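In what comes next, chain A is part of two complexes: it sits with chain B in the first one and with chain C in the second one.
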Partner chain A sequence: MSDKRKRDKSKVSVFFANEKVKSAETFVLPVLFGIFIMLLWQTGVLHRLLNTDTFTLPLPGRILAIMSDNRDKIWMNTMATVLVALAGLISGSLIGYLIAIFAALNRKWGASGLGIVAACNAIPIVALAPVMTNLTKDVSHDANTRSMAAKIIVVSIVSIANMSFNAYRGLTELKPFSEDLMASYAAPKAVTLLKLRMPNSIPYVFTALRVAVPSSVISALVSEYFAEYIIGVGRQIRENIVLAQYPSAWAYIVSACLIGILLYSILMIIEGIVLKRHVKA
Partner chain B sequence: MKMRRTKLKWISTCCALVLTSAVLAGCGSSAATGTTSAAATTAAATAATAAASTEASASDSTAGETTAAAAGEAIIVKAASEGKVGNWGLGNEYEIQALLQKYGQPTTYLSQAFDMDGFDDDSITLASAMTYNELGLVKNSYDGGYAYGDTVGTIDMNVEGVAMLEDNLFCTSEFAESNPNTVKAFLYATMKGWEYACEHPEEAAEIVFNNGSSVSADHQAYMAAEVKKLVETDMSGNAVTDIGNMDDAAMQQTLDLAKKYIQLDDSVAKDALGALTLDDIRDASYLTEALKSTDGNFGTLEKTEVSVQLKWLPQAQFMGYYVALDKGFYSDVGLTVNIVPGGGDISETTAVNSGTVDFGVTWVSNLISANAGGMDLLEVAQIYQRSGLVLVYKLANFS
Partner chain C sequence: MMSRFWYKFKKWLPTLVWILIFAAVWEAGAFAVAAVKRTPENVLPHIYQIVEAAFSSKKVSGGKTASDLVLYSASLTLGRAALGFLIGSVSGFVLALIMKISKIVEKVIFPYLMIIQMIPILGMAPIILSVTGDINTSRIVIAAILTFYPVATGTLAGFNSVERSKYDLMHIYAAKKTDLYTKVLIPSAVPYFFTGLKIAAPMAITASILVDTLQGDGGLGTLLSQSLKHAMSVYVFWLIVFFSAFAGIFSSKLMGSIEHLVLPHKRTARAAGKGEAV
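Here is the complex of A and B:
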């Protein structure tokens, strides 16, 4: 009897030691936890715990019903937000990387240059967004276009600093002697950059993006508050909360969460593919 | 080497300077309503002329009104076709949308910031303005003003027949039912405050200014004079004697326009909105009884400490409450009142509904959408008898 139990126990521990099971665990456990929270939410236990009512925190069923009733409208607003977040993320990260290259090649002013970038990064989004709305008034006669430009600039500024700091480290913190080796080959700066520094910076770029992706979504949502043209998930959340339409506001909050999760997952997949190749090479 | 370093230092300093000045320039133009300062000179005079001209146009013959309306139509059509009509949104847009639809225009508008810079730089040619606030900043030359004087024209929602009622006083029906004497006493003292404020607008402005004003003393004085008109004149320009009166016709017009222009994504709330009647949003009995009283004695008060949530920052828009507090009208009836300023994204309906505060000041349309969304709010007095919203335009842009 005790023997059998021992065997069972060992079977169980073997089962959990399995690599595939382990990787499934990291996926299944959070999902189970999520389902658990949703159950508490739908049954009202969560409301009692948080001392709130179904008015400010509507039941998930109601939120989903609103989402399915307004698919087209939510989709249109979601796409506007995603476009701003992605365009800002890409342009900001590119500019950030260029600044990092510049700083890595000119170490003397590199550090102080990054200091200015850090100062720009310290400006809060709520201050930046109305300023950019004012500065982009002459960009286009079409309110949607110039609002888009203002929002993208805000997201870019937020993304720049993050990328330039991380990429600067990736471009400068090289393996010992590798820089000397390149020097001994009499490699020009450009070759050192292309063959040594840039490949070395790839993992750092992904570290930067892991932070930049969620923050670009947040800055896109906030900058929509101040834009001239009324569109986007963030703006809809604000409109609905001010009008005390909490179930509709929650429908847009869920959309905002989905945007963040989706973009982050896409980044994780790309990172997996690129870093695998990077290690092999 | 040393030369090179100093050169670099200079270049980087210049870069930093350019960056900073660019950001500051943007900041400067976005900074709006100024605070306390002098420049009182022409303010009062301008306010007086503005008041006189508004009164004159209100009492004009119908012929005058029709020509004004025709001119208004051309302006609205032009601005709408260029996509340059502005409003703040967030529940303030329904009158503008009703007006746009009246002249067959699409009901989209630009999101206007809480300053008049968009109007100033012509990115919005037909901008929303409250007669007592933004319009004063546009016309007058005191601190924070844009000094356009008589070079701007306005389109009045009351004249156009799309007016909706704005600042009211409300609580939850539950609160009213369980604290009837408190509600009556609060209404009695508040109406006394409004009456006094309308009789002495200059003193009222000073009281508000001393209570933590968000705008300059000059602007506060202008605002008090304009708010007085909204409290004492109805939508068709007739004088109103009983302050706080809930006029059924005006309420019904507000409800009808609200049902037409409030867009709700939530189908449950949408159905509730369609089914709302006046009895779901207001109860005149508390005010009637409060005004019957001559001494302000309503028996035992169920609650002696109450709070009222304003819709916006402390300004003469809410002078009646500050006057009632300052003159001791509240303490005379045995109430201790806490006035809670609003601003930005404060949702006064939510604050009252959750019990954080007892009373609130909101626009009737906001109360309607809140009740459609499942709240049980009850208007107990209607302070503003006509719409204070106008569309303002530069005459030069439409000549």
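Here is the complex of A and C:
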């Protein structure tokens, strides 16, 4: 009896050790869990557990119905948010990388400059967003354009700090003796930067982006709350909550989640391609 | 004594210069704004005006000076943020531990951790409010949820950073599973845990302020929206901006100091590695 059980157990462990099963597991298990939660939600068990009602937490079917009814409006707001998040993310990351290069080349002044940048990272977005709204009043006569500028600046400030900190580590935490090797070649600083430091920083850049992508979406959503022009997923969530239109608010919450997940997946795909090539080289 | 002072001064000089540069840029901007605007204090006031507002004894609202008002609201907001932060960091650590112990839990939960991070906090507010039935509790819960993600993922990364050779060594020692956790895994995860705390602390404050803007019963966020709508002196707004910036920076630094207290041996290695000057 016990022998049979042992054999069964080993069979099970062999099954789970199989590589294909393992990779399928990483995909199937979360999906199953998600379906389970969705079932609880749709059948109302979740509401009883959380002690809430279908008005504050509408059923998934109803949220989907609202989303398809207001397709155009939700799409417009989603695009506004994506534009802000991406523009801020890209400009902020580029500036952050340049700051990191500057800091890596001038350690004494650069490192403390990075300290200031890191301090900027700790400034709450709620404090930044209204200041930027005020500062960009003269950028354009069009309220949409100037709000857009304010929001992009907020997102890029958040991205700058993150990128410069990680990229600096990537540019300076080199393999032992590789810097000495470059010195023994009498390589100029620029060559060391291009051939040693910058390739070394690539994985660190992706580490930074993994944090920066979700946080740029969130900063875009929050900066919309304080923007002058009423557009964007974040602003719609707020407007609908204030008006107690929870079902519509939920439709926007779902689209906010989708934006984040989509951008993160795109990053993962790019990271997979780039890092594969990086390791080969 | 003198040389020690000189050494300290030299160490802080670049930071000081950067702060001065920042102030100079701000002031240049303030002068430029003052030249073209009718109400420059709405856009970019001089630094001295903000300092003046902080120390003025003029009653702004409800018989309170601007500083009193900000500090009182801040105590409300920061108290909630701190409590939420504490709950979030403890549960984040515990979940990371569970995910390390059970691979299946990690596989099921980890993707959802990211999705939770994606749900905008204000979106969660009414739901959590209806669950807890109390706005204060829901603020604390929201701060906890926001803290939770960076702490949990950071700590898990710490657990996973332990090299194969250390497992092998513990295996050779015939160490028990609990020993493996208490002597190897948890100690190596602690620095990562603190990295998570440093990221999470300003976020907890941001969350608390943001939830304030949703309901009007005191707190920095409530005050912020009131002064933005010109219900009181606009300098209250600037004081809140500076106060929340300092609170955010200070909270992050505080976590760094606690880390130094807990892990003195990490001091030199980490400072050199991360180029932390401030």
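In this section, the second predicted complex is superposed on the first by the 266 of 281 C-alpha atoms of A that agree within 3 Å, B and C clash if a C-alpha of one lies under 4 Å from a C-alpha of the other, contacts with A are read in each partner's own complex, and residues count from 1 in each chain.
Everything that follows uses one rule, which is that contacts are C-beta pairs under 8 Å (C-beta built on N, C-alpha and C of every residue); 3 or more make two chains touch, one makes a residue touch a chain.
It should be emphasised that the depicted structure is a prediction, and the values quoted were computed from it without experimental measurement.
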| item | value |
| --- | --- |
| Partner chain in contact with A:Val191 - chain B first, chain C second, else both or neither | neither |
| Which superposed partner A:Leu221 touches (first chain B, second chain C, both, neither) | second |
| Chain B versus chain C as contact partner of A:Pro30, first or second or both or neither | second |
| Chain A: partner with more touched residues, chain B or chain C | C |
| Touched partner set for A:Ala143, first chain B, second chain C, both or neither | first |
| Partner chain(s) touched by A:Ile125 [first = chain B, second = chain C, both, neither] | second |
| Partner chain(s) touched by A:Leu64 [first = chain B, second = chain C, both, neither] | neither |
| Which of chain B and chain C A:Ile230 touches, first, second, both or neither | first |
| Chain B versus chain C as contact partner of A:Pro247, first or second or both or neither | first |
| Chain B versus chain C as contact partner of A:Ile266, first or second or both or neither | neither |
| Chain A positions touched by chain B in one structure and by chain C in the second | 56, 108-109, 112-113, 116, 123, 127, 130-131, 134-135, 137, 226, 238, 241-242, 246 |
| Touching residues on chain B, where the partner in the complex is chain A | 5, 8, 12, 15-16, 19, 22-23, 25-27, 29-30, 83, 89-91, 109-111, 113, 117-118, 121, 123, 262, 264-269, 345, 347, 349-350, 353-354, 366, 369-370, 373-375 |
| Chain C - residues contacting chain A, complex | 14-15, 17-19, 22, 42-44, 104, 107-112, 114-115, 117-120, 122-123, 125-127, 130-131, 199, 201-202, 205-206, 209-210, 213-214, 221, 224, 228, 237, 240-241, 244-245, 247-249, 251-252, 273-278 |
| Chain C contact footprint on chain A (complex, rising order) | 25-26, 29-30, 32-34, 50-53, 56-57, 103, 107-116, 118-119, 121-127, 130-131, 134-135, 137, 165, 168-169, 172-173, 211, 214, 217-218, 221-222, 225-226, 233-234, 237-238, 241-242, 246, 249-250, 252-253, 256-257, 259-261, 264 |
| Touch list for chain A against partner chain B, complex | 55-56, 62, 65-66, 69-70, 73, 108-109, 112-113, 116, 120, 123, 127, 130-135, 137, 142-143, 226-230, 235, 238-248, 251 |
